[in-house]
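Both of the next two complexes hold subunit A, though its partner changes from subunit B to subunit C.
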Partner chain A sequence: MRPARGHDGISVMATRTIGSGQVGRSVPRLEGAAKVTGRADYVHNLRLPKMLIGKIFRSTVAHGRIKSIDVSAAKALPGVYRVVTIDDIKAVIPHPFYGPAFHDQPILADGKVHYVGEPVAVVLATDPHIAEEAASLIEADYDELPAVFDEIEAMTSKAVVHDELKPAGTFPDLKHLKGKKDTNIALDFHLRRGDTKKAFAEAEHVFEHTFRSQQVLHVPLEPFVSVAELTETGLTIHTASQSPSFVRIEIARLLGWPENKVRVKVPYLGGGFGAKLYIKLEALVAALALLVQRPVKISLTMEEQFYTLTKHAATFRIKSAVKNGKVTGRDCEVWWNGGAYADIGPRITQKSGFTAPGPYDIENVSIDSYSLYTNLTPAGALRGFGIPQLVWAYESHTDMMARSLKLDPVDFRRNNILRDGRAQATGTAMKDAAIEAVLDRLALRMNMKAPFDRGTGTLKKGRGIAVGFKASISPTTSIAIVNIAADGSVTLYCSTVDMGQGSDTANAQFVAEILNVPAESVKVVHPDTDVTPYDMATLGSRSLYHMGNAVRLAAEDAKAKLAALAREVGVPEGSNVPVAELFQKKYKMQAGNIIGTGSYIPNYVPPDANGLTPDATPFWMVGGTGVEVEVDTETGHVKVTKMINVADVGRPVNPRIVETQLSGAATMQFGFTMQEKIEFDGGQITNASFADYKIPSIVDIPRTMQNEAVESEQGTGPFGAKGVGESGTFGVSPAIANAIEDACGVRLTELPLTAEKIYRALRTAQGKPLED
Partner chain B sequence: MTPFELAEPKSLKEAVGLLDADDPTIRPIAGGTALMLMMKAGVFRPSKLVSLGGIKELRSIAIANGELKVGATTPLAVLEHSDEVRNHAPVITRTLRTLSNIRVRNVATVGGALAHADPHMDLPPVLIALGARVVVQGKKGERTIPIADLFAGYYETVLAKDELIASLIVPAQNGRRAAYLKCTTRAVHDWPALGVAVSLATEGNGIKDVSIVVSAATETPRRLAGAEKAAQGASDEAGWRRAGEAAAEEAELITDAQGSAAYKKQLVRVHVARALRAALGAE
Partner chain C sequence: MRTINFTLNGEQVSAHVAEHQSIVEVLRDRFDLFGARESCAQGLCGCCTVLVDGTAVSGCLYLAAFADGKKVTTIEGLAQNGKLTPIQEAFLEAGAAQCGFCTPGFVLMAGQLLEAHPDPDDDEIRHYLSGNLCRCAAYPEIIAAVKLAAGRLRAGRT
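So, the complex of A and B:
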């Protein structure tokens, strides 16, 4: 597909519709009007009669035993309803520990605190200002313990974050988790394929580099918020969550209740990006509501997000053997800084870990990937699920090797690229992964073979590219229900959360395509576990594929039932009798429903002892980025003047949304590349505010950004589609670092790429290092 | 935030009367762009806020005796769009366009931008370079303070707790040229890591009588006498660089989240030279 230039330098994707014209059309977002007119529902707006507001008192030490918590002053403040600690919580939930991989996280600190900012107590009041004031009056006394913050130190540290490890056993792909007692290792994943020792022994060149990426924050504009209320039949939780089904199951487990006593409702989200997964505030509000028998709401501030979940910092040591321009062997060691609770870190360590050698055809591979506990805010999923940390390393490494071997960076990549049919590191054969097409389009659109103006004086110009890939998480399940009413109008019930990515619109397009109605006429019911069926979660770009397949199956089921109804009432096949008349004929009035259901779980084979499997994933995502930069060599300031993002998204279901997903993902990763970093001092975050933690604004991002989806089809995807939410993140960081070296000859191996780091590197290269 | 009393005086005199020299929990509030953040963060817990919003006499822009006089509660956006300001000292207009964002400029005031005394603010170095002064109202009467003498330290001014800035006066510039360069290191719209303001007169091709002020990287905005001396007579790139070099040696720089002192020294070196070049190229 050749995109046309849009008015603002953003390319506009061409429309490629099929069949009834609903898939492939840039349907305007179904919720667009409600959002821009302020009518969309958010949990933040929810107020219930007699509702209490909770404010959290947090730990000020990184690791310590709680000697005492003095809540007397808080209790004495007029207007305070109750002050709650873990001892109170245990009255309603005797074993108050949760988590998707390990049941390691307590609802409130239990005996110990494991990071600065960990919730220790909660004040309840009807007035949030009183609750906040009271929370500031609580005093806790700790016996401080040795703490560990760095992921490499955590490997051997005498400071051990958890005394006891408690595997959760919830998800089929995490059943093997045990953890290593008396260490900080939550998961160690190892993959061995071929003979790397031999490859290194026979290599002409061996390259080894180490890269680091930093902790950053999701920064949804809607911070975490949850409300719990008791009902006659159980408990209802209104929450800004990406995983309503998980919340229901986990809360039911904590309470020892059947699932059907817990109802989880999720309206729109003001952004999620992986932060709002699994349990965040839901267990706390549930316990509080049970304790005080009144509705309880907790809404975090922007600042409190820094104490809830971050992206993993990671150190990646990568070593390659090269012979005749081919990479013949690769050793990867990755250490993931998981923070104080595992959250979903072990899955990142394994599922992203197995792609650490990159989208290259390498015979001999060894991977060691470690999920580590440290005394920092827990780390979890963030748009890319570990992949951007890996691509940052392997694509910087690729350019460094090409430069050293005096090979063209595009040719070197093409010479080693992983093509369809060839086995990836796990042994799984690549299928429907347009890696080479992405590389080719990127090189063409960046004009990489043409001469390039390198700038003059103190302003140097450079360009760089990078390509990365990701395997979808597997195995996961999605269920959908399509309901055709007696007037022919169609409603879709599914638990995919529309957090801004446009899933309502895309799912409506699938239903509309099959039932031959306009997508705009399909109603999508938002997640409500009393109404909408199970879905694993909205994460990892899995929904368009998994839920898309379930929705497709449900719509096809409804269509088949409609055909059966037509036969039953004597309407010949292929006639265009309106649906309403079929119902009329059968029920003699406007009555009845047709319910179609669909359930989807892909094939999956767990890895063997060597980390190998013939079926690691249902689909691969591919994304590449090319940039042109200007470097001010007197200050180190970098301006990205042009950015091109190319991805394999399968067939674009909604081209306009595909484009904004690519540009949005790339912009987010641009912030993580150039400017964002959570700063720690002895475990204490020193920039937990947006005055000091700077996300990119419109004036920071590249003036020219173009986005393209290559011609591709995901054979097993719904109408050839696959996920697109993360692919725009993959190549951004290394492409920029590669372009900086191209411009001014210095190589940075640690994110973010700040002006000071670049200037210091320039001075070091001149033999005049800047003092500290 | 905890409850507090809000007073809304109608005159400057009444406002001054509501303040208390010995009570730091009583504070005036104008645009509130800084104070509200401090209150939300719990850094400042007022017992009483004295709103200056209802004092009409404090909101004005006028030229008198060749001087520009701006009332203290004039919003920055009004200043930004004022013809009087642009004609009198175009550097102020240019600076305001890069100061924070439209939403902040619509409510933040001139007096607040001076009284807050955060060294990262953009207007103080510019106004020092222009030789501006403030008229201050206290319980015992009025006094005038050059802005160069207004700042006592980090977030500190020489104002007493019961004094209010009434107006800002920018003297006639008589054809002097000025420039302000703002250097950010974490995002374009960040607080500056360094601000450099210069104002100068020329003689032939050379610089005569220059003011060079650095801010943000220093505890308070400061004039750099050594750099000013080095810039005298400079007429080319080499001359501007000499001034930059002198400024880098002279400025007392702070290491903070926006950069190390060693790096900021380089930023001063480069930006003082660039600011002189910009001023000479400016109208």
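So, the complex of A and C:
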């Protein structure tokens, strides 16, 4: 295979293979041929006999009590099979509320609507055009209620989104919130370590800044899609989901069924990025299929993705005490705009919140992190699980302090960096986190110590760096099965979802490494909860580590059983008898299997009342970005001319895929930094289309983009590896803002970094502010 | 409703279609061809790209009725007897497909590009592919794939 590299800006990532040469090799994706021929399987392709198509009628008000829903015209339209509201749903699911942290989200609006775009009714028809037309004929009447949209206002607003909080019973740390009224705070997380008061009192310098990041959207090119069908044994859901096991358990809970009556099948995903987690359309199609006793499919449009899940907008106030060039104390207050339903927001608030002080060694820390309900589209995980919002703030802040103290931004960081063995804010000692190596490599690749051409005339040049880190969400479980057939061919069963990150290939490499076969020969069975075992979900870059460990254990188990079989049939140890012959000897024909299993859950200690724990996470991800920019001071236009992404990914399992993950993540965050923003007008989204919401195209990306993984090993990871899907996002936004200030002296504290904002800031700096 | 006759990936076919139906819908529902797929449905992403008489169109906007009497080629029509085209090979080798949802559109557009510019530079590649979006942002790999394919196609021609 020829390396397809050498194009401008693409570096060849070092290949470090081990043992059988399967881990560390750039194995082409197992499904590559299916993807380039258009034959890869997506839920989108599925059509079942007698299948009905559902189209959703959505709320037009941000907050209101439903007075009436008039479905008569829709019902009367020829070709309409049925129109369904929450009253119908309750006939099959009496308590139709779901969610991973709170059971707050109804399958269809129940008495109230909480955001514009909330599903209120569904039309079913065999012809999607008829269903769509009928949905447009539905009318609803609301008693509008005061609404709240801003996360800071939501702290104290008289407008309260939910009448009462409904935490899921499964989380002990949410129990105290049950039944709480008159609040929009879904979760507040607090951490106190050392004595920040004293640190601030004794500081030479105190800096305080506030940063905001905006609502943006995942927009996988395959929009949400789910199909449900009844079978003789229960219900099968085919869904573009990152969390098949969660879907199974949650649907079983809603129906009061045992898990084994719900089957969830997931083929390839056309992108996920955190959108397709937990329950999205699955409960709705399940209820509809039960109600009409026919298969039901719902495929959202691109526009409807804007009404399903966004990334959290966040406001972050950060305050630091500095003495002798050391940060001695830090206060962090973060407000997460969770939208109308909690989704996974409370987990982001806590499990990402505890890294808010950044990858620095700070003795005295306080964190207050709030998950807030507002009357907007619900917010959830998006490639970084809250980390990019935090890094945006703390790395901008770091740069502003260095600038003000006239310290070199690299040296200032290095002086304060969190090294292995030192305690992070939670008190957990850092381990296998190559933060300093990432910083050093970045500084070197960016040539930060060398003089720099600052441009001429109205074209100013600047450069900036930023480094961030993330804890893996914990504790979570993965289970895998490896099956060796009588001819020696190997199949892996696991519920990790390949949504483009290459997990099938990486997991095949793990199996192949242990069983000493080519990775290309391993078959990976896609998630099917009747067949593949439990996995918490494909999220937060957890799978390569957690599932990787489970897969490794399963393959080792199979290997041990193979050795036992060899002993049993009298083959001496270390002899080279083909696997097929072992089976032949035992079963007298081509028959039998060897089944290896592996299950993995890392150690974890929940935080105490002060948010402290000796074991917060099984591993740390580290990512940094450096950029060079050109700012046109006459227009405010910024061009990122060079971007370098460096990460600690442990050992790269598949160097080429690692590289595409880094650059893909960085480019996504580049879009969130430069151009993407969901625009709201009184809770109504005004740019719900690619015509107005522009994601990066091939012409937008930096001309030079280089990606690198530092030499490192994750001691507890499978073959030293750890997750990589998000690390490329961490440093992008602050690196660019830092470079902009370096170029033209203006500092932006609110994303995205548009030409207009820069131009306004430039004018203000010249004492000639523009009018609004 | 009307009946249209057209050539689909080299085969003569006919279909009964409604006036408002797009070609992508008809390919999916009547011919089980899923490689052209609707994403934005507004002509803005290129996921639904098909060739009509050799020219790339957005299948989400192109009415099926217009295909009457024409030659329609989809991604499924490129590889012959399981043998990938040089462009498909190059996409595969360069790792230019992540989730793969956008890939058929890029492969077809890359074909158009290389017909017009057998030895494209970066600007030509970017310009030509600017109408195709990839949310996984496999752009650097797509550029690399196009260059790889271009080199091989040129070598094959001489």
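Just so it is clear, the second predicted complex is superposed on the first by the 756 of 772 C-alpha atoms of A that agree within 3 Å, B and C clash if a C-alpha of one lies under 4 Å from a C-alpha of the other, contacts with A are read in each partner's own complex, and residues count from 1 in each chain.
FYI, a contact is a pair of C-beta atoms (placed from the backbone, for glycine too) under 8 Å apart; a residue touches a chain by one contact, two chains touch by 3 or more.
Computed from a prediction, not measured in an experiment: that's the story for all the values here.
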item	value
Subunit B or subunit C, by number of subunit A residues touched	C
Subunit B versus subunit C as contact partner of A:D692, first or second or both or neither	first
Partner chain in contact with A:E634 - subunit B first, subunit C second, else both or neither	first
Partner chain(s) touched by A:R760 [first = subunit B, second = subunit C, both, neither]	first
First (subunit B), second (subunit C), both or neither touched by A:E771	first
Which superposed partner A:E133 touches (first subunit B, second subunit C, both, neither)	first
Touched partner set for A:F149, first subunit B, second subunit C, both or neither	neither
First, second, both or neither for A:F412, with subunit B first and subunit C second	neither
Subunit B and subunit C contact sites that coincide on subunit A, given as residue numbers	129, 689, 691, 695-697, 699
In the complex, subunit A residues that touch subunit B	129, 132-133, 136, 303, 634-635, 675, 679, 686-687, 689, 691-692, 694-697, 699-700, 754-756, 759-760, 770-772
Residue ranges of subunit B in contact with subunit A within the complex	1-3, 37, 41-42, 183, 185-191, 257, 259-260, 262-263, 266-267, 270
Complex contact set, residues of subunit C against subunit A	18, 20, 28-29, 33-37, 39-42, 44-45, 47, 74-76, 78-79, 84, 88, 90-104, 107, 122, 125-127, 129-145, 147-148
Footprint of subunit C on subunit A - complex, ascending	1-2, 4-10, 26, 28-29, 31-40, 42, 44-45, 47, 129, 218-223, 268-273, 301-302, 499-502, 656-657, 660, 663-664, 667-668, 689-691, 695-699, 701, 703, 705
